[in-house]
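Note that the chains take the letters A, B, C and D in the order they are written out, and that residue 1 is the start of every chain.
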Amino acid sequence: MKQLKTLTLFLIVLLGLHNASNSQTATRENLRIPDILGYKTLKCDFHMHSVFSDGSVWPTVRIDEAWLNGLDAIAITDHIEYTPHEEDIRQNFNRPYEIALPRAEALGIILIRACEITRSMPPGHLNAMFLSDVELLNREEWEDAVKAASEQGAFIFWNHPGWQKQQEDGVAKLSPIHIELINSDRLHGIEVVNSNEYYPEAFEFGLEYNLTLFSNSDVHAPIGMTYDMAGGERRPMTLVFARTRTVPAIRKALFNQRTVTYWNNNLYGEEKYLRPIFNKSVTIKNPLVELTKKSRKYIQIFNDSDINYELKLNGHVEEITVPHDITLYARKTVLFQIRGKSEDLRGRKRIRIPYTIQNLHISPDELLPIEIELNVIFKEIES
Amino acid sequence: MKQLKTLTLFLIVLLGLHNASNSQTATRENLRIPDILGYKTLKCDFHMHSVFSDGSVWPTVRIDEAWLNGLDAIAITDHIEYTPHEEDIRQNFNRPYEIALPRAEALGIILIRACEITRSMPPGHLNAMFLSDVELLNREEWEDAVKAASEQGAFIFWNHPGWQKQQEDGVAKLSPIHIELINSDRLHGIEVVNSNEYYPEAFEFGLEYNLTLFSNSDVHAPIGMTYDMAGGERRPMTLVFARTRTVPAIRKALFNQRTVTYWNNNLYGEEKYLRPIFNKSVTIKNPLVELTKKSRKYIQIFNDSDINYELKLNGHVEEITVPHDITLYARKTVLFQIRGKSEDLRGRKRIRIPYTIQNLHISPDELLPIEIELNVIFKEIES
Amino acid sequence: MKQLKTLTLFLIVLLGLHNASNSQTATRENLRIPDILGYKTLKCDFHMHSVFSDGSVWPTVRIDEAWLNGLDAIAITDHIEYTPHEEDIRQNFNRPYEIALPRAEALGIILIRACEITRSMPPGHLNAMFLSDVELLNREEWEDAVKAASEQGAFIFWNHPGWQKQQEDGVAKLSPIHIELINSDRLHGIEVVNSNEYYPEAFEFGLEYNLTLFSNSDVHAPIGMTYDMAGGERRPMTLVFARTRTVPAIRKALFNQRTVTYWNNNLYGEEKYLRPIFNKSVTIKNPLVELTKKSRKYIQIFNDSDINYELKLNGHVEEITVPHDITLYARKTVLFQIRGKSEDLRGRKRIRIPYTIQNLHISPDELLPIEIELNVIFKEIES
Amino acid sequence: MKQLKTLTLFLIVLLGLHNASNSQTATRENLRIPDILGYKTLKCDFHMHSVFSDGSVWPTVRIDEAWLNGLDAIAITDHIEYTPHEEDIRQNFNRPYEIALPRAEALGIILIRACEITRSMPPGHLNAMFLSDVELLNREEWEDAVKAASEQGAFIFWNHPGWQKQQEDGVAKLSPIHIELINSDRLHGIEVVNSNEYYPEAFEFGLEYNLTLFSNSDVHAPIGMTYDMAGGERRPMTLVFARTRTVPAIRKALFNQRTVTYWNNNLYGEEKYLRPIFNKSVTIKNPLVELTKKSRKYIQIFNDSDINYELKLNGHVEEITVPHDITLYARKTVLFQIRGKSEDLRGRKRIRIPYTIQNLHISPDELLPIEIELNVIFKEIES
């Protein structure tokens, strides 16, 4: 006798009908980050596991989580060389993709066939994406596994390069083997963020060697057990700037380094991407103000994105006092207070107030500089 | 010795600097309801009190609350005839406006000079707006108070017409006096919602007599003590469709019945306003789908507004099964599941699925009917 | 090459060290329901699935979820006769228990070896608990499976007796076969609640036939995907009143019908259990009050449990007005307003105010009646 | 014509009947901090303002807020010398107390008659409590105001001693005048915390000069506008250890320095109070564990209070590895992981693990040291 309770129950869950009075389980979170430069800003996670290696969920769960979390594309990257459940699960490295694909198509999630080549250092752990047959990567020597991936046209990136199990001091270091892989076009990207770790050196190597930057969850447990999403926490994501929402467009974007890493309300990436993201997120509601003597005025600034921008003053302003620190909260308007410094000022002035954004990183030790531009008319008090 | 601690503290609060680690107190909530028909959709509350009558806050608090709650315009409407704090507060009916105005200007809130004429029935309680001198309404006879308001060009509306203190059965009833006031152009609007009460009869009178419809908080205590805003509750609001965000444009909109009442996730108003609000809020992400045999597909529907739309099936669909009930949650995407009813269907069909929206009311007993339109291609299974 | 990243990561998660700044993921929710009658009130869920049948998580996930959700004991009850993952997972009905047990011991969760006998009606689906070898239940005929369970001393209960796939009208009905099973001591309990469904008829049968009452999640997906725990929703639980927190004590409690079902803020069970739960939860802070004339006084009532008790007046009170409806919110104090009805009352009176609790069910159509007892001293106004 | 809408509305609010479906506005938060040493731990706030000086709420609002926030006792301390609303409000320094008292009695809040003597430095701002007639403190010279307070048996404390308007560097400094006031028994306490500021020097002076320590909100706006209570933020409180919940017992406790200051999840006070608060909050669920070889075990620690205790390792443990940092979250159980360091250990050992609690301060630069005590039985692996 067969029964279909699971399927029924699960659709109930996804349709939001379960305990309809208060459950919002099956709604998709829309992470608001603007499209830029004519590209779509796709939210992606290219590193995660299922029961087919050392994860604890069935592959379809990764699709459901992706849909709920507002992702556009994922890769399930089970280990080739580490399969602790093999007493119970028949080993077949193409199965996670095959099992998850129908659900991905049903929910409109882009699924990329991939795996994790899991070796000691060097080269450590490498994710290979856009594969056609994962089984071919199950080889004794890592060089053969990489070769099998490359022959399938794979995009390959280095995982958690500062992971303490493989770098005792937690500092990512490029070995000659990594450089050789890069030079021979067999290594194309690097994780700047993995799970709950950020590797500043990886960010530096990425910029220096023109590697694509990644931020991935590497999630093994159910995602909701790892991130306190209800408390506002979000999983790490790789933002991919792609012409269309398709596998080929993502592939092209990755080979062209069109990514930014998103983690814990921080963005790490090239200035050419970070600046338009900020500019398209933020609106100054009343950039033209009048100030009489040393009076106080409020500028209202609206942030239409889901990133809290944390601004810190980065220079001197002659004519007016301005906030030293101010956070532009996600989807909110905040007040930015100014005040004339002198009673003698007259006339209209364009004032550019320099800030750096503490959570937008254009290199491991540089923050994105921006300017808040106001038009201030200094007036005498009317009598 | 004078000190300025209050002012300093309060600005700290508004600037979000207080206990910066976790406080988001001073952020403005942006209630997302689309602009329609070439008008701006202004969020307004035209009924509230201060310590100058029987409220418990200083008039400036109403401005701060309005800013935090995302309002565009308010009126402080203290009672003329009921001033229980007069042992301690000097009576002057223009003071609430005068005290609150500088704060309103600083925060960009539109403040309308107004008051509440507070009489037994009929005519009950009337709010008079756009006054130039409230003191002139302090008259023994209510007819004289209304006359003084009319002479100032006031817009006048009837408050809580079904209030049990004045209508024992809680049912709003138009008396000959109200009809006379309407006919003589001295009564222009009616509260359909006051605080936590909805008056269906008032909605009916409003539509029948061409009165402007209002939904107001009538708040007396601090707003956060009356509504559980943190729990997602919102104060009642009158949505005003105005050409610009100015007093004259609001005045014109009110005299032209361009309002919708918003309360507790419900809208009450004319179909010509409710339909474009819904249409501009909701996007069907994948309206074109293929169905093979009796397979199941998900349509993804995104609601970009802050209203949860509660849809209920309102008719029959021939070709496919569709959800009987579905809520389009605010700012979320939900899944709308369809399935072919017969294995014999072939070809492309435009299917219109009829729903009513349970929380969008176009009269006391009519819900807004809408259609979800899909293009379905019925195919044979590929072999 | 083997690596231990999973284990490390997961411990990080459980230890709350992951992203320590804001994550509270690895804290155990302590559902506060008082111990009664000398028993411990254990929170249990005896129906759930893993990848070994049609669930989507590895068995250890059920232990982690149980710990996080504040459960004391669980049973993983994979289907014997329905194993849709068998292409990938080697079938062995003892494995879910064996795999989960070390984690259960580490986290102090009581794990009971069990399974679900999954047949068409009658007898439908039966859970068998306290097994020693699940494999022995894998028999062609359901009678043989039940016999194999009974021979191991199993406690057996009937699952989702009103499930629409097996009872078209959704109404639980006892067949002669069920009655025969009960009479022959092969059926000991019944699910009154399964997942998001409540079966009033099952409640009635349970009381009539002296069956143990259950409320179970029957969860297939990760628990956080099924219940909006962050939004305050809780999974269904069977409250077991056991002498100690051990397997034998739970077994004894189940065979002695010492359970209450908990679901969606409702309790369903015998009055002898519900009454002490309410009484031990609720404290009247000021039961002695003075009333002068028709003055108003507030009684403060504190509810130290995690159940919101919803009281509705159930009779008449002579001397004072009292609330018609009042909810005693979980872990909060609320105000209960009283007022003298007459100005002529004098002296001290014990007043018992009769309520029923709308969410405490002592039979399908009886609510628990309780009394709020006050001592009121009626006085003249002092002059 | 008089109407009673306000009163009615407000009671509706307090009774939780307003919009009963989702509002929990009128529930009292019960801040869980244990009673210690035979005293009740009363939660108090002895510094706040109303419209009678520079606050923005009517005095009764302070009572409602106190009830909602779980306070036991408050003092409304309007400025004598700073009354910016005097154009509109008749000055009478006893009125805030008189107006608020009936509400305090109705809600069971202890209200203490008090005021703020508001002078330039020295002596700065002083709160005088337990007054019988506040008007008598309205004197030209501050010495006369203090004298008038002392003659009424007042308890007097120094407010915000490091306030930048009065101490340019923000550092509290005792002047000869303060020392003279202390020595002549005219100054008995000091604010260690005011609003969003903590003054470490004040904490030091307090300990050195045997002054009673205070943590007060000094709130001017509605409390919910100043603290993000919904986001879990709490107002500052002075914890008073009193024999009974009465004015005389509070007075005696204050004159005997029986207080601890609570702010932003920190406690500042004497070790003799902080230690029992921690000890009565925290339970080790399984203090006796067995360890075989280098195995890993979890200790479960439950914190029954509303304070998150942040522990940091403060020394060396020979036999086992222990967490370096661990937060014992409010009302939750967390896992504390241990592991044997050597395979050669045998037998039962009492192990004391030394921590300091980062948010429990027994002086400006000393944290409360505590020990987690375990009984570990080191065993050979059974073969």
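Operating definition for what follows: a contact is a pair of C-beta atoms (placed from the backbone, for glycine too) under 8 Å apart; a residue touches a chain by one contact, two chains touch by 3 or more.
This is a predicted model, so every value here is computed, not measured.
Chemist: From chain B, count the fewest steps through touching chains until chain C is reached.
Modeler: Minimum step count, chain B to chain C: 2.
Chemist: Which pair wins on C-beta contacts, C-D or A-C?
Modeler: By number of C-beta pairs in contact, A-C is the larger.
Chemist: Round to the nearest whole Å and give the separation of the Cα centres of chain A and chain C.
Modeler: Here the centre of chain C sits 40 Å away from the centre of chain A.
Chemist: Using the average of all C-alpha atoms in each chain as its centre, how far is it in Å between chain C and chain D?
Modeler: Centre separation, chain C to chain D: 37 Å.
Chemist: Name the residues of chain C that each touch 2 or more other chains.
Modeler: 24
Chemist: Quick one: do these chains touch in a line, a ring, a star, all-to-all (complete), or other?
Modeler: Here the contact pattern is a ring, one closed loop where every chain has two partners.
Chemist: Using the contact rule from the top, write out all pairs of chains that touch.
Modeler: Taking the chains two at a time, the touching pairs are A-B, A-C, B-D, C-D.
Chemist: Along chain C, where are the residues that touch chain A in the complex?
Modeler: Residues of chain C touching chain A: 1-6, 8-10, 12-13, 18-19, 22-25, 49, 51-52, 54-58, 60-61, 64-65, 68, 79, 81-82, 84-85, 87-90, 92, 95, 99, 118-120, 125, 163, 165, 195-196, 218, 220-222, 224-233, 264.
Chemist: Once bound in the complex, which stretches of chain C touch chain D?
Modeler: Touching chain D from chain C are residues 11, 14-17, 20, 24, 26-30, 106-108, 285-286, 296-298, 300, 302, 323, 325-327, 329, 331-335, 337.
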